[in-house]
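Inspection log for the structure reproduced underneath, given as structure tokens.
Chain IDs A, B, C and D follow the sequence of writing; residue 1 opens each chain.
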Amino acid sequence: MKTYGDYEARVRESFARQKMMGQLKVVLLEVRAGEVVFEMPFQDAFTQQHGFMHAGAMTTALDTAAGFAAYSVMPADAGVLTIELKVSLMRPARAPRFRIVGRVLKPGRSVTFTEAVAYGLDNDAEVEVARLTASMMVVSGRDEVTG
Amino acid sequence: MKTYGDYEARVRESFARQKMMGQLKVVLLEVRAGEVVFEMPFQDAFTQQHGFMHAGAMTTALDTAAGFAAYSVMPADAGVLTIELKVSLMRPARAPRFRIVGRVLKPGRSVTFTEAVAYGLDNDAEVEVARLTASMMVVSGRDEVTG
Amino acid sequence: MKTYGDYEARVRESFARQKMMGQLKVVLLEVRAGEVVFEMPFQDAFTQQHGFMHAGAMTTALDTAAGFAAYSVMPADAGVLTIELKVSLMRPARAPRFRIVGRVLKPGRSVTFTEAVAYGLDNDAEVEVARLTASMMVVSGRDEVTG
Amino acid sequence: MKTYGDYEARVRESFARQKMMGQLKVVLLEVRAGEVVFEMPFQDAFTQQHGFMHAGAMTTALDTAAGFAAYSVMPADAGVLTIELKVSLMRPARAPRFRIVGRVLKPGRSVTFTEAVAYGLDNDAEVEVARLTASMMVVSGRDEVTG
């Protein structure tokens, strides 16, 4: 996939400005052209009423992974905004840690299609707990939307 | 819409157990049969890289409002789990406060269809910033999923 | 909602070019700024294995209604393409006729947010059978995509 | 993935009853446990206003492939109904033929999660044009919903 300059530095700098990633203690592990990998711990503060991680917390990590995957293949002066996202919640999110992989399905001049998958990690087992597809807007020339 | 016993008490009790609602400082304002209303403040800790409230934070509030709208019309011993959700992000979420309204589109024995809308509140203006549709599972007979 | 010139004529002309609308015998009843109304008969040729109208047939009518609602508020030289759509299938589609209403939730320069609802019509009763939300791209300057 | 008896025969019999598949000239090529493969020709009768295959026609094939993938791993007396579907339309659908692959992401007792991908086939090239995720309901004990 075509990239522009030091995309990894841009992704890491923008990720660092996402304050909600800090709340969720999400760590950015890997950045490739059109793909990023996060890890997120289970956190009691972000559970729902049954004690599982909240669908909204999982969505936050999935959306961000997909957004940065899209951002990694955008021109250097563009910003990324989520147009819409859909998440399928396949299993309760109760593993001690989660691995989240976001990737670009098709880059575009104005819209980039993405998906992301969250895996629960428990000892040696890895099981898919949630899956997102999202459309990302490539935003150019709006000063408030860079990164 | 048909309800079962003191549904408002059940919704309020289950809401109180959602720890992520506390993090986001979401307040449960109103509970009716098939409809709930929340208010959520803008919080810098839950922003994305451009300083808007994160799509994931908005999704969390929308999903929870839709889920409790569904829960309000479920039998007393049932629990609710989100099967899937879709969120359209119509405008940047930068208002000082948000009103979130969740409602049931169609209750069902095993699946309940819902929608939720988030409005940005700024002085006297109210503008729609995001909209969700979600399918909620009616879970019976699983001890870990009550409420 | 802001419109451009004789939008109704443009919608009707483009609708007439949609060959699949002819197959499904969809009739365009009303065109307003940001809203269109269709009627579609039940047709045995477009059923699924249980004898209900196919989810795909319902989606076709919903997507087209939403697309033309978006098109009705686009500049005269723009075309419309669906980026993505989600459909919730709330009840089996077995009424003798369906009314489909598409409307714009928020027009945009590059993306327009829409929804559409399909109602089953049976004697005097009208019941919601399916609901769509979709993001529509405003396409300019591509000769193959006008209308 | 666990199957029940001669699932391929059940899938082929139910597919044959889908009249809309006949209209679209969809051919069922392969049936495996949790996966089906279709082929569909480009047909002028099912185009939209720009001469591409209609998003609704693509959705019909995708939804059906996903539904039969789910059906292939259901108990012998169950029926399948789509709860909801989302389709991302990545490229205009203008290839002479399409290959559609539906597969189960996670089977369930009451809800099965699926995805499906449509590829345009043009000479030796194969390119992804659309992708669906859908939740399928496992319907038991309703005489009108078998297959």
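Keep in mind that, in the parts below, a residue touches a chain if its C-beta (ideal position, glycine included) is under 8 Å from a C-beta of that chain, and two chains touch if they have at least 3 such contacts.
Bear in mind that the values here come from a model prediction, so they are computed numbers and not experimental data.
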Most distant chain from subunit C by Cα centroid: A
B-C or A-B, whichever has more C-beta pairs in contact: A-B
Interchain centroid distance [CA atoms averaged], subunit B/subunit D, Å: 32
Subunit C and subunit D: spacing of chain centres that average the CA atoms, whole Å: 22
Interchain centroid distance [CA atoms averaged], subunit B/subunit C, Å: 28
Inter-chain centre distance, subunit A versus subunit B - centres from mean C-alpha coordinates, in Å: 22
Numbers and ranges of subunit A residues touching at least 2 other chains: 83-84, 86, 88, 133, 135
Subunit C-facing residues of subunit D, complex: 14-15, 17-20, 22-23, 44-51, 54-57, 59-61, 63-64, 79, 81-89, 92, 144-147
Footprint of subunit C on subunit A - complex, ascending: 83-84, 86, 110-111, 133, 135, 137
Contacting residues of subunit D [partner subunit A, same complex]: 86, 88, 90-91, 105-106, 113, 128, 131, 133, 135
